[in-house]
Each structure stands twice: as structure tokens, then as C-alpha cells.
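Take a look at the structures below.
Below are two complexes that have subunit A in common, paired first with subunit B and then with subunit C.
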Partner chain A sequence: MVDIAEPVATRQPSRFRFILDRREVLGGLFVAPAILYVLLLVGAPFLLAVYYSISAYTIYDPSWRFVGLSNFRQIIQNPVFLGTLGNTFLFTFASQLLGLILGKFGALLLLRPFPGRKIVRAVIILPWAVPIALASVAWEWMFDSLYSVINWTMIALGIIDRSEAPNWLGNPHLAMLCVIVVNAWRFFPFAIVVFLAGITSVPQDVIDAATVDGAGFWRRNYQIILPMIMPIVAVGLIFGIVFTFTDLSIVYLLTNGGPINATSVLGFQGFQVGIVSGDVSHGAAISLFMLPVLFFVVIGMLRFIRRREI
Partner chain B sequence: MLRVITNSLREVSFYGAVALFVVLTAFPFYWMLITSLKSNPDLYNVTNIPFWFNEAPTLEHYRYLFEQTLFTRWLLNSLIVGLCVVAITLAAALPAGYSLARMTGRSGEALGIGIFLTYLVPPTLLFLPLSRIVATLGLQNSMWSLVVVYPTFTIPFCTWLLMGFFKAMPVEIEEAAIVDGCSLFGAFVRMVIPLSLPAILTAIIFTFTLTLQEFVYALTFISSSAQKPITLGVATDLVRGDIFFWGEIMAGALIASIPVAIAYNLFLDRFISGITGGAVK
Partner chain C sequence: MAAVLTRDIVKTFGTMTAVNGITLTVPDGEFMVLLGPSGCGKTTFLRIICGLEQQTSGDLIIDGNIVNEMPPRARGVAMMFQSYGLYPHYTVRNNIAFPLRTQRVSRAEIERKVEWSSRLLGIEHLLARRPRQLSGGERQRVALARALVREPTALLLDEPLSNLDAKLRASARQEIKQFQQRVGTTTIYVTHDQVEAMGMGDRIAVIDHGQIRQVGTPAEIYDDPADRFVATFVGAPPMNLLARNGAFLGFRPENFVPRDMIDDGAVTEFSFRVDRSEYLGSERIVYGVIDGFDAQVITAKLPPAHVAEDSIRPGEWHSFAVRNSALRYFDQVGKRATRH
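Now for the complex of A and B:
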């Protein structure tokens, strides 16, 4: 001990050293790089996006001329945009609902011990782990207009005839169904994991007490366990909603927004207008329509975090 | 007798449901594998049974992928981007997580939540201004733009993850180090970092997988093939005009998927407790 302490004692402690030993100063220095990075590359771009949306900025004419809310007015009057807005909500809620149902059901299955459960869990997590862009390409191949394995199976089973085989990504309604199914497929493993984490955190004696008091399977599940795991399910759902509502990769790769804008969602249209066409101001205005939803989600998240601390 | 029948019926339906889930999740990956190993005449014949080989399997697609495309370049790009982002993220998130957990009290709590909420700001809201900023920095169409931009979501994520870990660590360890003559900074470097290696490893793995999974920023900033990371390259670059090289695409997708799948399975529990803020113990 002595030989460690001695060199420190003999050296004259510098003022620098003294400052660094103050808890709040070092704490501030430690957190500064992260805050700075986030302010510079999330905060500033966000403000920039807001300014773009009320200016006439395009990549061909990078003027900062202020035009007020006219970009938003033009966008709202565009029927394509209104369709996009509806698509985004449909895409989000349908895929989250489907994902939650599949997730709850899958969690019930995985709760019971059986041989090979670890392997099954490892396989079931795959859709969520693997980069969604790569999985989307695999689905695109499965939905192929000519070589679709789904159509082949249905024809082989005699459900449909080759002449009436559906063109999954070419029909507006089926294309929407496809992007919803792929997104639900991607998120339900996450829902399973969240449900499992929640259910296993419910103390066994609570469940035992309910059983002794005569609660059956459904009652235990929906009146005891579900309310207790609600907070964690809410966090999972918030993640799901945010990442679905603002997603563009599934739509971009599977349908490219088509056919005829039938699957266009907010993120995708913002990309098309702002990046592909170079109309930055209108693109930014389209993207900003995500804000109200994000705002509600953030409020939900904050309420959850506060409740957890009480 | 009746009970035996209902019991076995229940077992059968249980395993049937499990099997259904496994098929639902695993089939696209099986489909990648079988497509990548089939010869082209086998692949593009609608009368063939698609689930199995009708002709001898071949490694032709893999050979083409590695020799005739930029696939190895994309792998290298992803590796470089991933490692640089990991370095930046750790340098910022490790001290930040520690500071927010230990040094800044109640305001640290609020600041931590604030940083975490920025993880929820979506790329599709920021890609327009960021693409302008990237262009101003002279990084347009270069993979280094991703090194600059990816920490915007990996730093918040890892700060939150590490903050939860540091909170769970006993304070007595640092106090003992300080009593023994360590400075506050010394206690962090000599005691806290070595003791939190498992958490740091988790942060490294998830930062790396997050960079592999990212698609939107890469799509927005990079258009020349040689600069693409692997996810973007495989998904968008193996198409000539209208012709999709399905065998090669599926081979590339499979190769890129495997490391992420393994990483997730090994570190899943930490990930869940990370994003739910330690609500589950």
C-alpha cells in the first residue's frame, strides 16, 4: 500500500489535478463529448430540417429564402401525400398488431420448458437480428412474380391455378399486405423477447397466490400477468411504433413505393422528394409530419420511465 | 384412456405450433441458403420443386460473388466503418455513461433520459440535413460519412446501456480505490474499466451490429459501388438493369447475416435489459 501512495504524496499536486478530483467537474468533462456529438449531429440537423421545411431550398437552387408554411400547404393539398399518410398509419398499426399477437402467442409457447427450447429461441430471434435490408431482399425473391415459392406451393397444393397466381408486389392491395407481413415478421421476435422478459419477471408467488385463490389460466394471464408486464410491453411497443412509422427500407426494397404509390410511406416519400428529386425543402416538410407521432411516443416513454422510478 | 388421448392431442398441437413458428422465422433463411447453392437452370425453371435441388448443388454463385463483384470490398468497408464507429462510440459513451450514473446526481438522470431519447430520433427525419452537412464536409459518396454519422445513434444507445451497468456496480469498489490513493480519474481507469469489461464487450458487439443493420443513411449518402457497406451493396448493387442475380444476392445476404445472428443470440439478454432501462432484473 505504502509504495503506491508515496509517489503521489511526494509530487506537488497540480491545480489541474485538483480540478479533476472534483466530482462535478470530472463528471461534466466525462459527459461533454457525448452531449456535444449529439447536439452537433442530431440537434443541429433537426433544427436545419425545420428550417428547410419553411424555406425554398433545393439542391439546384440552395437559397435560404423564407417561404413560411407554403411548403406544408402544398403538401397537404397533394392527394399522393394524403395517401402516403394513410399508408403510414395502416402500415404501422397493422404490422404492430400482427406482431404483438404473434409475439404473445410465441411467448406462451416458449414459456414452457421442452427439449430444444434454446435452439428454437435462437431460431425465432433471427428475423429481428438479421439486417432488415437483407431479409427484405429474401422476401422480394419469395414474392417474385414468376418464381414465387409461395405461389408454387399453393399451385402444388391445388389451392390456385397457375393462371390465377397472384402477383404479390404488383397488386396494390397485396403489395401493402406484403410490406405489413414482412414488417410484422421482423418485429414479432422482438415482441416475444419482450413478453418473455416481462413474464419471467413476475414473481412466482404472485401467480401461486392467484392460483390458490382459484384463478384459471385465462384469468391468471389477462388479469394478473398482463397488467404487471404492461410497462415493459409498452416500451417494446414504443420502439416498434417509432421504428415502423419512420421506416423506409422495407418499402424501398420490396415495392419501391409502388404500384402507383400504393405502399408509399412517409419516410419513403421524404427520401424520394428530398434526395432523389433534390427538392430538399418539400422533402423535409414531408419528414416533419412524423413529429407529432414521435412527440406522443416520447411522452409515453417519459411517463413510463417516471412510473418505474416511483 | 380419454385422458391419454387429450394429453397427446395437446402435446401434438403444442409441438405443431412450435414447428409453425420455427418454419415462419427460419424459412426465408433456408430460402437464401438453397437459392445460393442452386445452379441457374435449376433456379429459373418454374416446374422444378423449389424446396430442394433438382440438379447438383453448386458453389458457382459464391465464386462469382467473391471474384466478379465488389463483395470483398463491401465486407472490408463494413469492417472499417464498424471498427471506427466502435472506437468513437466507446470514447464518448464510456465516460458519459459513468458520469451519468455516478457523478451528476439528479440532473444526470434527466440528461441520461434526454440522450436516450435521441436514439428514438429516426434517420428519415435527419437524412436531408445530414446529407447536406456530409457534403459540406466533403464526405459525400464516401464511407467515411458513415463513420461520422453512425455514432449519432450508437452513442445514445451505448451511453444508456453502460449507464445501467454502472448503476448496478457497487460504489464501494471505487471508494476503496480512492481511499488507497487513487484519484477519481484513476479509479475510473484502473478499477471501473477493468471491472466492466463484460458491459464494454456488449456495447462493442451491439455498436457493430447496429452499423451492419443500418440502411437508410448508407442509401442516402453513398452511390458509388466501391464505397458501399455490405448491407447496402448486397441489397442494391447485385442487379444489372432489370436482372437480379438472385443466387449471388442470397449468398451475400446469408454471409452478411450470420455474424449478426450469432452476436444477437449471445448477447440478447443484455440487449433487452439495456433498452428497457434495467426494468427487468
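Now for the complex of A and C:
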């Protein structure tokens, strides 16, 4: 006799039993906090700022009266603002350039083996890790009109005379140089890390091939290695540009925008006008001015990276 | 084109000796293969010749000049790397032109030379592409074109075929060899693959532990190995070695055949017990032991046409023999001896 198995009563498992095994559900769950965070702490204030910039809102007259683009029109006609805009570009690009150059040479030096390399690699990160408020105080003393250690050294070495010692933070051009140098100093450890990551990712065979093909140190670096690591460097540069363009801490701590607005940058002026003076709508307009600039810079660089992708 | 001579080259890394006194002469236009197992120092030796490594001691002479202190770019040698080392951000045209640009060759001359070398290797249609858009075989040709474009004094190749699949490797082997004969550049070719070495080399230098074991034509290396290492490293399956009184008797598997297949000349007979046999189409490899040498596995390579499968079954004893002319003798330390 042949036994035929009885059909087993099937039980439908709960629809939600394996819900966390579904990629789209679990993924969404993990991403949600980050998205929420951005929406609440970046998105909402941003929209608020956009509204402020087209309203007549001040802390003395908190009306939400719509005024169109007149805030923007007014700040563009203000020579102080135009100077600030120029300063921002100078401050950003000069300090990034200086930081990149320092980073490149630093990375090349740190690639060679020497005793204590690990310690130096750790210490070199310090400018980046130290709170900028502390570092700025130290720099402020170094640039001080009376007690500047830089001037003292130059006088001691006989390079300059005491009577012609520069007033670093008092002279408009020198003050700009100072904030640029401090920002480059703060940025270059990051540039070193970026360059180190890039250079070590270049296959040794390619470098060897270039050496045998007759390329010396400079040609190897600028025709082979640099173009190959350009996408990595460009990403680092985008970070640097965005952070520097929107930064106000160094200017605020070191020069307070002075002398006579010579070192005022967009972030700083937006803060001064909008928060300190209470003219929220104009402050918002100044701050939002950075947006299209940064937008085009980032788009341009991302396109460049895509084109260079190898 | 030039001859490459090395005199007692030694290279140590810390306490490790990578190259232990290599003296080698590669005459003008010769195709010399450096053959050895992984880590034997052959690549290090090649890197010393092109100047990527500096030898600890010894002289390197290219075209009659001692070049010990010269940087790579002054030596005029070209090298092709295992992974080709193409510049990913340049087009094929610029890759090939790069060695000329470093020598400040005029633009027109670069154009002409790139044209010439790309035609030589049949890659004219690829000049506008980037390396990542090429197949493995095409990349290899581009690397070869780049190496040849400045007409180097010597061409160094470091396992150039190891990144190709088996089929492509066979055709590339032939191409490189034909190509070398046509251009006539002194070539030093590093490989661990004995088939490449035997098939391509005018002469082969067998290297082990940083030392040359034997230099000779493929036939000399195969038929008259200088020591036990060469005898067992070259040939697949390797030479059979019977240990007796501390010395060794060697014979190639293909010379070890049933007694009745040899009808003339002096032979040495063995009683051979078959353990296992493999049919490989063109040949049959038989594994077994010889009476009195139980510990050693002996292989015989038989032509299947002459030996039917059921005539040698596992477990059976057969009478096998080797022509006396095919016997090789090695002394206690493994060096070749004339006779016992």
C-alpha cells in the first residue's frame, strides 16, 4: 500500500516578521536620523534665512513684511560689502593654495622613512585638532604690535630695524596676510593627509615605469603622480573651500574684521550685521550671498573630477 | 642596442641577500631569459640593471660603460612591468610618447616615432584611447610600444605575460619572440614559467637563491642540467632522481619507457610498479615506484599511441628501461658528475 502524505495545513507567516530583512526598509531606518537631523538643523534654518533675506525683519521690528530683493540690492550697492566679497575670495583661495603647497611638500617629506616619522605624523595633525580659539590667541600674541615674537626674531637676526618693525594686525595688507597664513596653517595637516592618501594609492609600477622612461623627480611628480591623484585632491579642496568660505572664526578672533574692514569676510559680516547689529534681514542676505558662489564652485569642481576620472 | 654585462652583482636588504653574486654576459641582440622560482632574486636583478635598485656591490656594464652610478634615465634601457605600469591619465599616444618627451625630442620626431612603434605592434587604431579602455592583450602591446619607442640599449621584461589568460599568453609569447628577432634589441626576460623560458630564450639563466645555477641554450638546460636544482626545476614532470650511496641518478620521464620499446643500444633496466596513470591526450603520465627505491615516486611519460591503457594497470610490475645515453649523474652536493 502506498502512503500519500496528507497536505499540511500551511500557515501564512506575518507580513512584518522579516520586515527588517528588507533592504529598503532597513536602509531607510538607518538613514532616517541623518536626514531628520539635516532637515531640522540645516533645512529649516536655511528656509528661514531665505525668508528673512526677502523680508524687513529686524530685532527691533520683528515684522515679516515682504520686501522682495531690495535687501540684496542694498547690500550690493554698499562698498563695504563689495570689499568684503573680494576679501572672502582672496582669503579662501590664497589660504587654500598655501595650504595645498605646504600639504604637498609635507606629504612628500613624510613619505620618506626617517627616525621618529610616526611621532611627526601624529604631531603634524595638531593644528587641525587644536581648538581654533586657543590657536588664534597664540597667533594673536605672535602678531602683537609690541610683543611679537616674529618681530623680535627678525630684529635679533638683524633683518629689520626696531623702528621699522611691521604692525602685523594694524596694517590692512599685513592683516590679510596674517589671517591667510593662520588659515593655511590650520588647513595644511588636512592637505597632508589627503596627499598622503593619494600618493600611496599610486601603483609603484607606474612610478617605476616613469623613472625608467626617463622622468626625474619633478616630471614624475607633476606629470604622473599629481594628475593621477587630482580627483582625491579636488575633493579635499572642495572641503577646504566650502569651510573657509563660510568660516568667520579666525577673522573674528584675530582681527575682528579690521583694520577698517580690511579682513572682513562674508561669514563675519553676516554675523556682525545680522546678529550683533540686529539687522536680521540684511545679515541673512549677506550670508545667502555665499550660496550661489559655493554652488558654482562645487559644481565646477565635481565636473572636473568626473572628467578626470581614470 | 648593446651588450649587458654584470660582474659579481650582490644586493642585500638588511640581513636578507636577494642577489648573491651574479655574473652574466648578455651579448648584443640576444634574448636572454632569467628563469627561477618566486623570490629567487630575478626581479631584483632586473631592477638593478635598469637602475631602480642600487646594487650593494659588483659592476654593471652596458654598452661598454660602467653604469653603477648612473640614474635610470641615463642608462637608456627600457623596462616593461608585470602590471605594465601604463599611465592611466594619458591616452595611448601620450603613453608611448612619454619616454621621448622626457628626452626633449622634437614634436615632429615624437609624432614619427609613435607612428612607427604603434604600427610595429598593430595598435594604431588605439592611439586615442585610455589604458582602462583596453583589453589585457592591448595593454601589453601598448607597454611594449612604449618600451621600444626610444630604441633602448636593452629591453627588460618582468613577467610580461603573467596577466594574460592562457590562450592569449601563447600567442603573445610568439609575438614577443618574433618581434625581438625583427628589431634585434638585446632583451632580458624574467619569468618563473619554464614553458616561456624554453620557447623564447636564445639562452636561459636558471637562478635560485640569488645565484645563477646554469646558463645555456634551452636544449643544454633541459638535456644537460648542471645540478639537481636545474634538473628538477626545468621539465614537467621534473627529472626522476634515484638516490644511491649519497649520489643521484637522473633520467627524464619521457626516457623512462617499457623495455620492449627500445630495441637498440645499451640500456639500464628497472622493475617498475605502476601506482596510478593519467591520460593527458598527447601523453600518458604513469606514477609508480622502482624495485629497491620504495620511497621515491617515479614518473614515466608515455606516448598513448604506443601504450594501451589496459597494458599498464595499477599494481602491476613491468620491465622499464632507460637508454644509458639518457642517464645523468649528480654527486653528493647535487652537482653534475660524469659517471659513477
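The criterion applied here is as follows: the second predicted complex is superposed on the first by the 273 of 310 C-alpha atoms of A that agree within 3 Å, B and C clash if a C-alpha of one lies under 4 Å from a C-alpha of the other, contacts with A are read in each partner's own complex, and residues count from 1 in each chain.
By definition in this document, contacts are C-beta pairs under 8 Å (C-beta built on N, C-alpha and C of every residue); 3 or more make two chains touch, one makes a residue touch a chain.
Model, not experiment: these values are computed from the prediction.
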* Quick one: on subunit A, after the overlay, do subunit B and subunit C clash, or do they fit? Just give me the call. => fit
* subunit B versus subunit C as contact partner of A:219, first or second or both or neither -> second
* To do: Please indicate which partner A:159 is in contact with in the superposed arrangement: first for subunit B, second for subunit C, both, or neither.
  => neither
* In the superposed model, does subunit B or subunit C contact more residues of subunit A? -> B
* Asked: Is A:208 contacted by the first partner subunit B, the second partner subunit C, both or neither?
  -> second
* To do: With the two complexes superposed on chain A, say which partner A:227 touches: subunit B (first), subunit C (second), both, or neither.
  => second
* **subunit A-centred angle between subunit C and subunit B, computed on Cα centres after superposition, in steps of 10 °** => 90
* Report the closest approach of subunit B and subunit C over their C-alpha atoms in the superposed model, as a whole number of Å. => 10
* Asked: Which subunit A residues lie in the overlap of the subunit B contact set and the subunit C contact set?
  -> 308
* Structure fact -> Listed in rising order, the residues of subunit A that touch subunit C in the complex are 203, 205-206, 208-216, 219, 223-224, 227-228, 230, 308, 310
* Structure fact -> The subunit C residues in contact with subunit A across the complex are 47, 50-52, 71-73, 77-79, 81-89, 98-99, 102-103, 130, 132, 146, 150
* To do: Name, in rising order, each residue of subunit B that touches subunit A in their complex.
  => 14-15, 17-18, 21-22, 24-26, 28-29, 31-32, 35, 43-44, 46, 50-51, 91-93, 95-96, 98-100, 102-104, 108, 111, 113, 115, 117-118, 120-133, 148-149, 151-152, 155-156, 159, 180-181, 183-185, 209, 212-213, 215-216, 219-220, 231-232, 234-235, 244, 246, 249-250, 252-253, 256-257, 260-261, 263-265, 268, 272-273, 275-277, 279-281
* Asked: Quick one: in the complex, what on subunit A touches subunit B?
  -> 1, 4-5, 8, 17, 20-21, 23-24, 26-31, 33-35, 37-38, 41-42, 44-46, 48-49, 52, 105-106, 109, 112, 114, 120, 122-139, 141-142, 146-147, 149, 152, 185, 189, 193-194, 197-198, 200-201, 231-232, 235-236, 238-239, 242-243, 245-249, 252-253, 266-267, 270-271, 274-275, 280, 283-284, 287-288, 290-291, 294, 297-298, 301-302, 305, 308
